Amino acid sequence: MNLLEVNDIHVYIQSFYILHGISFFVPEGKTTVLLGRNGSGKTTAMRAILGLNPPRKGEIIYKGVNIAHLPTHKIVQRGVGYVPDTRRIIKSLTVEQNLEIALRKGSKTYDERLSEIFELFPDFERFLGQKAGSLSGGQQQMLAVSRALINDNDLLLIDEPTEGLSPLLAKNVLKTLHAIKEKRKTVLLVEQNFAAAKSVGDYYYIFDDGKIAHNGKMETLVDDHELISRYLGVNV
Amino acid sequence: MVTHTNSNKNKQKQSIITKISDLISANQVSISVITVLYLLPLLTNSELSPLRGFINLLSGFMIAGIFALSFDLQLGRTGLLNFGQAAFFGIGAYVTVWCLDPILPSPLGDILNLIPFPLTLVAAIFAGMVVGIVMGATTNRMKGTAFAFIALAIAMLVLEFMELKENLAISGGESGLSVTRPFLLTNWIVYMLMVLFVIFILSLFVILVVKDTRERFAFLFLNFRPRRSAFSYSEKERISSTRVTTSWIIGVAVFILLLILVVPNILDMYLFATDIWFKIPILYWLILTSVLAVYIFVKRLTISPFGRVLSAIAQNEDRVKALGYNTFYYKILSVTISGGIGALAGSLYTVNNINVSTPETFGIGQAINAMLYTILGGLGTLLGPFVGAVLIEFSEWRMVRFLWTFSIDGQWWLVFLGIIYIFIILFFPYGIVGSLQLRSRSLKTRIREGWFNIRETDYWWLTLISLVLILALMLDLENIMKRIVEIFEQIFSLFP
Amino acid sequence: MISLIRSINSNEDYKKRLILFLKIFIALISGIITILWIILDKAELPNQIFKMIVGVWIMGLALLSIPTPRKEKLPQIFSLVEIIVISCLWLFVEVESKGVEIFMQNGSLTLVNGLAFSMLLFLMTSGFFLIFGLADIINFAHGAFFMLGGFMGYEVYLLSESFLITIPFLGNDPVLLSFICFIFGLIGATIILGLIGIGIEVTTIRRLFRKPISQILLTVGFLYIILQLTEIIWGPAIFTYNYVSGSQTGIFWLPRSAILDLGGGMRFEIYRIFLILFGLVIAIGMFLVLSRTRIGLIITAGIEDPEMVNALGIDTKRVFTLVFATGAAMAGLAGAVAVPQVNASLDVAGNYLIYAFIIVVIGGAHFGRFAGTFWASIIVGLSHTFCQFFYPGLESIILFLILLAILTFKPGGLTGEPM
């Protein structure tokens, strides 16, 4: 039922104590949203799942196996896709090469997967040979998302996909998120834009200073105006 | 917490003596070590002895330690990897040569020759700081490894410049230049002054002995006192403990005992030694004092607001910038100060070694040495670079003979050194002192709280004992090893 | 002084203008001085160093004008024009004073030698660059790898010669024999050094993954070990191939007298031309591997963002093992191929390590591209050789001056970014 279970993880960056025992669940086929103000530790939680900042204590159960102390590449190879917050595409390679190095061996061929990507982003075909560094911000974001989608990943970790995008582009990204949801993929999403989070999310967790302040179903949160204004600063 | 506020209240009432004694009791370990180090030369007289040779050796080690500290100030504190450290060392060494001997052509040479001896050290420091400013100025644009390389480029540029044929006269070429030894170093009056200073240090040590005798006995007989934490006993109790007359007696006895040990040597030096005999002890004291000065200076620097900004820069420069600090200013100062200290090391090296040549002072080998000392000892630990320097220099010096005792050809020494470095860094990835600090923290608390009821203040005993042991080991290491080998051979000869 | 620096630092606009002004000023002054110097005959000015500095500033400015992504191109255009004028003048004076024949001879000879040296440097440094780019490790043992490659190549050469000389078909043809043995030497050195590289990486360096400072110290340890072992095994002597036709073994197929004569006084050693071609072939091969194959793309990406590559499911540790081994192997290959030119001896290790430093920094250390290393090798090789020929004694100084000049204006080197 739960694809990913995070049990009481404590994460340090160098000597700084960032996450003070966090637990959350990501149910299969649903979109779980992490909310919270800047610096509350959402990105760190994602990096902990990926093994980039492995937790000192606690377990991360993915598909029934504790992956807390596996090396990053082993975790990713188990079917975890990552869209980092600052995109982090490889600027000196072309778009196609970026996709190529992200590709792992699997059931479908490269061309099949590429055509799936083109369904999501029709104008991608034109940029295929272009250097990724010369893409616009929105295009870079799409590349970052398609890099995670090109493999048959079971879990997608998507960190602030709309950050720094114009409203129109943000809408585009949101559409993509809905499309991903329709494919019944499991998504763990960090999203600052509450409206966007509301529309795609099924469950939410609110981070506050390295702890989880609140969680529940998205529908209940939408009604709880006080909670929203307290933790998210959004006036509904 | 409570005692803290208490001592704050009492602050106005404290007399100077209690202030000093507080200062002393706050630094027990260091004062014990310093006393032992200062006393060493007084244990020799005007005869050749292994101790004398050892003191000479120790001077060299301590110079390496100063140099390592200057490197650590950049890498460990500010996060600046500087491959050009040799430039500081070399410039310090050569400025000293130029000051002591009329080598340079007229205008500059004449001015430098006017500087009397101890001030040449200052001149060298100043020259090092100038080079430091030049190097530091590049930190505005160079970060990380780029800075390491541009510093290296500057250092190599100076080296190549010195090695040009045109500059042979001022650099001395391959064979190098030899300095005339300053008059002050071979002078019995200076020796006597230093002896007075040592006796002053000794009396500080005695005050320390008197002050804490009761506590120490508690340690010696283990667990006499009920368990209590370091801060729990009150001010009153501490003062009353100094009134115990037996402890005064013991203190004075120690003092007299040490004097009895030392005075014949001093007299012997005064009566029989020729000028040259004073060189080793005076130079040793000079270097030891410089080490202390540098150490205290750097220590104060690192705990000052300035030092905090430096560590902050090492961790995340952008954040420090965002807080409104001009990081460039801090970095340039850090490199400049480090340049001054490095030049001091070079200057002392010249005085100690007499002969100076370009490859030895400016060469990349010096830069690698500084790096080795610091990283092996422990980055940013202050004590680490010293430990690293002494360890490396010592093993370099001993390795050949050490190998002989196992009948291995002396040629292999560098191979074994390399292997030792690799092992050390594999097992102590943060350097010896750094990793030990990390690991021993839990051990320390365990010892303090559970095992013997030893308090922090009692550590100086252990330090003293182990220091003496190490000294003994150092002096007679190969004999001990020989004995062990012999014993093993005997054991093996029992089984045909 | 500090307050001045501070004020410059605080005022971005002012700083930019000041730097622009400085650039133009330096270009102008150095240009005028150089022109004067050329016209007034080279021996007139007092200090040779001064002349060199001037020359180097100009070279630095010239290099600046090659990649120009920035807005203010004025000093670059300025210096380009200046370079052209000065080179024409210099050519003119040189040709006038020495005659066309000799000038062509010297110039072309130096050019070929310089290019050969550049290729050698490139072969050696490519591995250093990849190791540095991928893991931030400054490999102090790289010069030692290069040196060891020389010894290995030499030993394998002698060994294979002693075997092959018994074959009558080869034994009668010394040129063919030594050619085959030389190739064997190259292959042997490459394989042995590659294995050593793997050994070192797997047993030690890998254990301190992502602790670059500690890893640097490891490489220093290996530098010492390799140096001393080499001295124990081979002694302090210098080894090189025999060129004397009388001796039986160890004769090199391209003795110094094997010369390609193009007429007009242009005579080149065939070995150098071989070196140039060999280097080019390897360079093109490496470019193709890096830009076409998956592993090459991963390495390129890893230089830019190793963590993200790891997060794409790639075992960066393994990739690094491969790169380290390849780097060591390339250094070995370079060492083996260099023996006829630089001999196999202990000094080589330190000298070539410094070359590697300089080249990598000029080419762009942080996030630099492979092409940067290639061009930097050519710059270093050519300027070193030219300086050796025309201003002997200053060839090592000029490299550092070039480095300073380039880094002053482009802190990240030719292709890199300043972190």
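Order as written gives the chain letters A, B and C; numbering starts at 1 within each chain.
Definition applied: contacts are C-beta pairs under 8 Å (C-beta built on N, C-alpha and C of every residue); 3 or more make two chains touch, one makes a residue touch a chain.
Worth saying up front: this structure is predicted, and the values here are computed from it rather than measured.
Q: Name the two chains that are joined by the greatest number of C-beta pairs in contact.
A: B-C
Q: Name the chain whose C-alpha centroid is most distant from the C-alpha centroid of chain A.
A: Chain B.
Q: With chain centres defined as C-alpha means, what is the inter-centre distance between chain A and chain B in Å?
A: One centre to the other, that is 52 Å.
Q: Please work out the Cα centroid separation of chain B and chain C, and write it as a whole number of Å.
A: 40
Q: I'd like the Å distance between the centres of chain A and chain C, where a centre is the mean of that chain's Cα atoms.
A: 44
Q: Give every residue of chain B touching chain C within the complex, in rising order.
A: Residues 75, 81, 133, 137-138, 140-146, 148-150, 152-154, 156-157, 160-161, 164-166, 326, 328-329, 332, 364, 368, 371-372, 375-376, 379, 409, 411-415, 417-419, 421-422, 425-426, 429-430.
Q: Would you tell me which residues of chain C are touching chain B in their complex?
A: 1-2, 5-6, 9-10, 48-49, 132, 136, 138, 140, 204, 207-208, 211, 213-214, 216-218, 220-225, 227-229, 231-232, 350, 354, 357-358, 360-361, 365-366, 393-394, 396-397, 400-401, 403-404, 407-408, 411-413, 418-419
Q: Residues of chain C touching chain A in their complex?
A: 294, 297-298, 300-301, 304-305, 307-317, 367, 369
Q: Could you please specify the touching residues of chain A with respect to chain C in the complex?
A: The contact residues of chain A facing chain C are 50, 52, 71-73, 76-77, 82, 84, 88, 90-93, 97-98, 100-102, 104, 147, 151.
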